[in-house]
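Read from first to last, the chains carry the letters A, B and C; within each, the first residue is number 1.
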Amino acid sequence: MKGKKFVYSQKVAPYVFVVPFILSFAIFWIYPLITAFTMSFQDIGAIDSEWIGFKNYTKLLKDKVFLIAVANSAKYMFFTLVLLIPFPMLFAVLMDSNVVKAKGVWKALLYMPALTSVVISGTLFRLMFTEYKTGQMNLITQALGLGTYKWLKNGWSGMLALLILACWRWTGVNMLYFLSGLKAIDTSLYEAADIDGATPVQKFFYVTLPLLKPTTIYVLTISVYAGLAMFLESYMLWAGNSSPNNIGLTIVGYLYKRGIEKNNMGYACAVGVVLLIVALIINFTQLILNGTFKKEED
Amino acid sequence: MENTKVRNLSHSPRRIIGSIFGTGFFAALCAIIVFPVLAGLLASFRPGTELIRRGLAIDFNPKTMTLANYAYLFGGNADSKKYFMWYRNSLVITIVSVVVTLLICYFVAYGLTMYDYKLKNFLFTLVLATMMVPFEILMLPMYKEIIKLGLIDTYTGVIITGVVNASTVFFFRQYLSGLPKELLSAARIDGANEYYISVKIILPLAKPAFASMGILSAMGTWNAILWPLLVLKGAEKFTLPIGLNTLLTPYGNNYDVLIAGSMFGILPIFIIFLLFQKYIIDGMTAGAVKG
Amino acid sequence: MKKKYVGVLLSVAMVASLLAGCGSGAADGAAAADAGADAAVEATEEAAEEVAEAAEGEAEAAEEEIPTSTFGDANGTHLEMWTFVELHGQHYGKMAEIWNEQNPDRTIEITCTTYPYGDMHTKLLTSLEAGTGAPDICDVEVGQYPNVVAGLDKWLVPLDSAAEPYMATMVPARMQTYQGSDGHYYGAPYHVGATAMYYNVAAMAEAMGISNDEVIAKIDSVVTWDDYVKLGEEYKAAIGADDKYWTSVDTGGVDWLWIAMAEYGDDWTGGFEGPANVKLDSVKKMLTMQQDWLKSGLAMISPDGHVDLEAGFQNIMDHNIVSFPKALWFMSRFTNYMPEEKGNWYIAKCPVFEAGQKCSVGIGGTGTVVTQQSQAKDLAAEFLCWAKMSDEGEQNIWDTLGFDVCNTAQWSDDAFAHDDNNQFNQYFINYPYDVLNEIGMDNIGKISVVAISPTINEYMCTTTLNEVLEDPDYSVDDALQECQDAVDMEQ
């Protein structure tokens, strides 16, 4: 009976709840994380491996191609944050209002792209952005009398293609996050705002936006990592990991190119560790500034 | 939604214009978004050579359209049997994994949100950190571990490493942190124990979160490829994405089956979406909070 | 409302268990969650296992219905084989049946599993590194080969003795491509992948107003690149259209450069000893020549980078180009993707810079290896070499895979090379093997695939070729120097 009381106490309960995480972390994460970290200081060969200290890291920072990859990933992350947070949020608020009819249809359609496998969507977008005259983008420019354009050979248009693909796939998903976030808002607050005579715009800024903050922080955090770690989209769009002048190369693409494709796991791990550190720094700065770690004030 | 009802009690002309604009906006947005899906759908009704000849031509010329790809897919031939074997494998993995993942992640998030204790932020930091490691550098050690645990070539091995999914935990945590804490103290005063509260009081309020995470997690599992492929051996155990990806090779792509197979592969997740999305709508209704 | 929610979960769980043919496992898992979080973990893990087991059980029960990729004698030695092209697996299946007829005392059973291309190599390397889980026999794409052969005889079984009976007539360049740094042969090739020039005779005849035979006579008289350019200019003048070109040059592939290197006997990788040097005269010559073609309007840039892509096929079918060099395996692209071009195309030797040079090089390919993790290494090696190099093997490779086989003994065999039922013999104006015989096995250059190869290819395809071809006034020397600098960083 005492044991039961112990487990049921408010002090112990939280630990019981997080046991699955602790178990999974201990069994499936600690060893791989430590191994990956150690490997990043090694030259992993097929026959034997040797300890080389920081050589992987120094080589990495000297490599111009890596800097291109970092710049591309950072640019991509920045634009996805700009495009894939405010707009889906507005769409969700609009969708949640009563001015939209047939909501189920629109939600289902907006969600469709995320369901399509990357392999197929990548192929479809590659065919749409082909520099040949049959691509949809070139059909548009030709109709406007501008002739064809090499979309996937120029920096700006390559990034544009990536961003269009990203917006196409994730707008519906992020809208879904915000929609469920909106449901956590106590409706009495809107009633109170109505009584005070607030306009819809005021209600958005003074009620919706602050109370949507937990969801926004979530979307922001995962978008930062997803943006920095993007690879598959680029791989599918250029039918491989090589894009002209590396305009589509990302950090994880570089990890594949120099690590996995050449079976240089030590180097791959160094790239992975750098990515982890960059993502952690950006996200923890953002999370701390947003007060996510603060104790709840009752 | 109650709030919207309060906002607009009358059927004013302003409201009608509003709904024309609102609805029109989403109709336009969806038209753009659906375009590539439509292109894919059309391509699935054409021979693969058409795709190569004309690209993603958007037209409904019945002369070039054919049901052959789907007829082949459902034809009961060896490829079609394999396809549905993979389909079933993917369904099993997805459903089991989604149910297990959602429950576990909910409780972990609950433990990380509803209490104040020393290790809380440390544990939460660990959760977030696991989200930001590229899987590619973990796959070799993780593969070795799964072999040691005797889980290689089992669905358990595929599912188990992902049941505590950091982004799902994080989402639940953010969702739960938005709920009023008075609910807990009120329940405790009524004599409910911690686990009863988590299951009977808070869980129902987290329905919208469960629904959206269910959709997301199903989508992720359904499309996952690298880890299932490392764990599984033999075509009998493959999942649908592994199987479909075998159709893309440096020696040429089998677009006939690939596109039709992928388009039909959207269906289960779409059904899950339709099943779950209505739970996003009636989530934390005012009634539950006000008691 | 809560009940409704649990109901959904339960029904989902039920579907899961129904699908797996297991009544209670998953539902138990869902219900047990009420008991507390950790109980839920156990129960759900159990449920997952049960469902998985049940699914496995059912898979066994329904074995007769499930299409199997296992071939041969169930009582024979079992071999596991991985590939990334389903047709390759079927090749081994068929060969296993013949092998068992010929070797009733050493029968085999082979299970061929097709994996997605990139991931198969990742999985192979992961299992080789982990020391467990690798198959007996595995296909390795030539681009990925350096990673696998790096393990030498720690990972792979040398095929020297198993290949010995066939070596005299195998194209030497192809065998050498799959050598390890220790000189042993670790991979068995499917094809030569000999480069040749494809010409659209029908389009040329129409534009130039002469008969097909006259066009073919003109093509046959082309020996050097100068001849090739002259014929191109003749075509260009006849067609008189700005958007019709003689050929297209690649920004996303290095085939043209390998042809140039083969002609001069160069190798930019420097082989196993290195060092790599891309600033070769042969490469410079080819790039400079291509720049001239672009400036004079003789050539266009291959849409999307090279001809082996959707846009490339469209470009060919729209007759925007009427000639291009490519390996002989490109024949299957014609039959698979360009049926409407049947009867239009002629295959000929590639032009050379100076008469008497080698005029072809083996491009692309897949080497099949035997791993040290195999329980029956010798048998696997013997079977593999037989399946890929013997008369029976080569016959099946040509019939089902459509590759230009490496065993030259077949090339001059009339029944083999001139079989009019063969789809390629039907599709093209001339017999592909006649072109191979004309080239000759010793005139096919070798591509070295070593650790530095991916670096060179990558830099060429991402940067160098884009620089010099997208801007034909860009200095070839500068571009190659940049490439050399990047390569030097890696060696």
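Heads up, the rule we're going with is that a residue touches a chain if its C-beta (ideal position, glycine included) is under 8 Å from a C-beta of that chain, and two chains touch if they have at least 3 such contacts.
As the structure is a computational prediction, the values presented were derived from the model and not from experiment.
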Using each chain's Cα centroid, which is most distant from the centroid of chain A?
C
Most heavily contacting pair of chains is A-B
So, what's the distance in Å between the C-alpha centres of chain C and chain B?
35
With centres defined as the mean C-alpha position, give me the chain A-chain B separation in Å.
15
Gap in Å, rounded to a whole number, between the CA centres of chain C and chain A
34
Set of chain C residues in contact with two or more other chains:
36-37, 40-41, 122, 129, 310-311, 314
If you look at chain B, which of its residues touch at least two other chains?
51, 54-55, 104, 107-108, 111, 140, 160, 163, 195, 198, 245, 248
Quick check: what residues of chain A touch more than one other chain, meaning two or more?
16-17, 20, 127, 130, 132, 134-135, 260, 265
For chain B, which residues count as touching chain C in their complex?
48-49, 51-55, 78-79, 81-82, 85, 88-89, 91-92, 95-100, 103-104, 107-108, 111, 139-140, 143-144, 147, 152, 154-156, 159-160, 163, 195, 198-200, 203-204, 207, 210, 225-226, 229-230, 233-237, 242, 245-246, 248-252, 275-276, 279, 282, 288
Residue ranges of chain C touching chain A (in the complex, touch as defined):
36-38, 40-41, 122, 125, 128-129, 144, 146-147, 150-152, 154-155, 251-252, 303-305, 309-311, 314-315, 451, 454-455, 458, 461-463, 466, 470, 486, 489
Spell out the part of chain B that touches chain A in their complex, as residue ranges.
1-8, 15, 18-19, 21-23, 25-27, 29-30, 33-34, 36-37, 39-40, 43, 51, 54-58, 104, 107-108, 110-112, 114-117, 120-121, 123-134, 136-138, 140-142, 145, 160-161, 163-164, 167, 169-171, 174-175, 177-181, 188, 193-195, 198, 208-209, 211-212, 215-216, 219, 223, 241, 244-245, 248, 258-259, 262-263, 265-266, 269-270, 273-274, 277, 280-281, 283-286, 289-290
Okay, in this complex, where on chain A does chain C touch?
7, 16-17, 19-20, 23, 45-47, 59, 62-65, 127, 130-132, 134-135, 152-153, 239, 242-246, 249, 257, 260-263, 265
List of chain C residues in touch with chain B within their complex
1-2, 5, 8-9, 12-13, 15-16, 19-20, 26, 29-30, 33-37, 40-41, 44-45, 47-49, 51-52, 55-56, 59, 65-67, 69, 84-87, 111, 113-117, 119, 122-123, 126-127, 129-130, 132-133, 141, 310-311, 313-314, 317, 329, 332-333, 336-340, 364
